[in-house]
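Take a look at the structures below.
Look for chain A in each of the two complexes below; its partner is chain B in the first and chain C in the second.
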Partner chain A sequence: MTITTLERLKQVFTKTLEISGSNTLHILEYNKTPKWDSIGHMQLVAAIETEFDILMETEQIIDMSCFEKACLILGEHGIDCTS
Partner chain B sequence: MTTDMTFEHLLVKSAESLTPQHKTYMMLAGLLELTSHHQRKCPHYTKILQGLEFSSKNCISIEDVPFLPVNLFKKFQLHSLSYPDQIIKTLVSSSTSGNAPSMISIDHETGTRQVRALNKTLQRILGNRRLPMLILDMSSVIRSVPLTARGAGVLGMMRFGHAHCFAFDERMQLQEKEIESFLTKNSNNPFLLFGFTFIAWEYFLQQCPTSWDLGQGVLIHSGGWKKMQSQAVSPDTFKKTFQQKIGLKKIYNFYGLVEQIGSIFLEQENGLLAPPPFSDVIIRDPFTLAPLPYGKEGLIQLLSLVPKSYPGHSILTSDMGVLHPSEIINGSPHCLEVTRRAPMAEIRGCSDTAPNRSELANES
Partner chain C sequence: MTALLENKIALVTGSSRGIGREIACLFAKENATVILHSLNEKNCQTTAEEIVAHGGKSPFIMAADISNPDEISRMFKEIFSVHKRLDILVNNAGILEDRLLGMITQDNLNKIFAVNTFGTLHCLQLAARLMRRSSNASVINLSSIIGVEGAAGQAAYAASKAAVIGLTKSAAKELGPQGIRVNAIAPGLIKTDMIAHLSLEQIADHIANTALQRLGSAQEIAQTVLFLASDQSSFITGQTLQVDGGLRV
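Here is the complex of A and B:
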């Protein structure tokens, strides 16, 4: 079975922000989670860009304040996160 | 209209369509709203306004908006937050002369305003596309706690780049191999360089092999000219030397305060600094503090709609400057020239946080 896009994004988040399990992902917010500060944010952007081979726009980096927003941004790059 | 609406309006509106009349109207409305916000939220600020017998009814132009001297941020950690745990980071200004640094409290909202404001200003020269980025600093600069002005500057600018490469190791030695690998991959297309003025000159350019071609580079730099002036390096010499030695032609200086991060005055083709759409500048007589007309040198007062978590929307700096009439840029009919530090003011500025290279050699 191939790993879904959503799973891949979850893995990027849990690995970069050093959180155990993906159950809490939906409540995480930028600057309100210990590892998700300005530096963590840049690491997260770089990790997502590498995993999905995309380059975000500056506006998208500013908008990516939670996991849901990251899903939407992937959608803007033509990567469907809903399945 | 609330301050969020005026800020949002000036942020979203195209800078080209902004007229001076409209900008002045929006700035006054936004600044008064911020004054009232801080009056409600910051007890120290409330006392200051009481002492000034301030009444918003008497405020008919931006010159009437009360201002705080920049040194006040060194004496008090002023903030306008209901709960201290809303502070997500505290920025400290550089201070090499033994004076206390400024302590600036940033919450999530103001942090976001800063980045969006910076984006608006830099879009004019960078577009919306992020460029590969060579950072003229060492990687540890972004990890200091509390974050220094220098670190905050680098971190804030990193969003405008990707494939980041730090140019220096922890002893500020040029990482030639890493940079050569960066240039091999990226030098055929536009790429971004960012660093503080003195570091760009003293550490980067002086150690740079002339064989490097940085013709596609866009250098954005900031941090004051104090040390440059002491070496008799003018802005013109700075630009010419970069072009002659490594082919770097696109060079933009900017001026801003750590107390107003996000509001940067970007260098224009005329060599002067333009206020961004949500900021303005007033020159004041150093003795009477009365506003001065174009062409007269005085103390620089900076007004900005960006700060909300601390009362930094109207600050009297300790820099001296002159306002010059210009074509309309970002809704302002004038540009700023920063001339010098006010006499008796301490030396500060991000560039000045780095020692001269000879001083560094003596230390090691």
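Here is the complex of A and C:
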């Protein structure tokens, strides 16, 4: 079974931020979610970069304030996150 | 005996001449894959040829203006696309401009800080991201004895190099948990192009104030950088090592 890009991103978020399920991902916000402080944020960036083999711009790192923004940033790197 | 930098990928900024060149050649001798850097590729050709002539791996050459964050970003993207990771960063690129306090302009400050301080910080910022993919990564920032002790006529340079020490200490604390060590070296007066503007009298004065009674060599700085880059210094981070022959400023 092939895992979709969206699923891979969900797994990165749930694993890094230690969330039990992916149902609440759309309400997560940087600095308003336990574990998603500045240190958690950089861990998340590292995990996304490793998973998708990309190097984010500093502006993208600062802008990645929620799950949807992370999807958009992957799109900017040519990785379609809609499927 | 295994080479000290076996399987390591190392970027040395400002490696076309002087201390940077010595560091790059020594790293290559210790089997590192060396990424040379200068303002333009042509400047690094001689260093690259020297490395290959001595049996080192053929180095990669990167051209970028260290005072320009966009160019630094482009350089690291290129390193990422070719190597995927970085194990060692030597922030060696720097400029020196002597001016008395009353003659320092905003342009002078901008120029000196853009290379010596902001350029160092930007390289470290991006390198840290590539170093997470490494084990036992090491950053060595080149500060200066002037940044530690100060010197008349060098306030701007001293401030830019003192800032590098603060950056080193902070980055060591922030990146330590990820296994990235960050140290600085504060060289004394070293026999390179950087001191070509000094008179023989000034150099003699300096030597008289040095316990070892001589100038340092670029090789001696390179050896210290190699120590900090290698796993021989695996429990050292956040330090500024003065390599100055016992200088009394």
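Please note the rule applied: the second predicted complex is superposed on the first by the 83 of 83 C-alpha atoms of A that agree within 3 Å, B and C clash if a C-alpha of one lies under 4 Å from a C-alpha of the other, contacts with A are read in each partner's own complex, and residues count from 1 in each chain.
Going forward, a residue touches a chain if its C-beta (ideal position, glycine included) is under 8 Å from a C-beta of that chain, and two chains touch if they have at least 3 such contacts.
No experiment lies behind these values; they were computed from the predicted model shown.
Asker: If chain A is used to align the two complexes, do chain B and chain C fit next to each other or clash?
Answerer: Overlaying the two complexes on chain A (C-alpha atoms) leaves chain C and chain B clashing.
Asker: Looking at the overlay, does A:T58 come into contact with chain B only (first), chain C only (second), both, or neither?
Answerer: Touch status of A:T58: both partners.
Asker: According to the stated criteria, A:T50 is in contact with first (chain B), second (chain C), both, or neither; which is it?
Answerer: Once the two structures are laid over each other on A, A:T50 reaches chain C alone.
Asker: So which one touches more of the residues on chain A, chain B or chain C?
Answerer: Chain A has more residues touched by B than by the other partner.
Asker: Classify the contacts of A:L72 with the two partner chains as first (chain B alone), second (chain C alone), both, or neither.
Answerer: neither
Asker: Between chain B and chain C, whom does A:I27 touch in the aligned arrangement: first, second, both, or neither?
Answerer: Neither partner.
Asker: Chain C has the stretches 38-46, 200-208 or 218-226; which one runs into chain B?
Answerer: 218-226
Asker: Can you pull the chain A residues that chain B and chain C both touch?
Answerer: 46, 49, 55, 57-58
Asker: In the complex, go through chain A and note every residue touching chain B.
Answerer: Chain A reaches chain B through residues 30-32, 37-39, 42, 46, 49, 55-59, 61-62.
Asker: Would you mind writing out the residues of chain B in touch with chain A in their complex?
Answerer: Counting only chain B, the residues touching chain A are 88-89, 108, 111-112, 115-116, 119, 123, 128-130, 142-143, 155-156, 158-160, 162, 164.
Asker: For a test of understanding, state which residues of chain C touch chain A in their complex under the given definition.
Answerer: Of all residues in chain C, those touching chain A are 73, 76-77, 80, 84, 125, 129-130, 132-133.
Asker: Chain C touches which residues of chain A in the complex?
Answerer: 45-46, 49-50, 53, 55, 57-58
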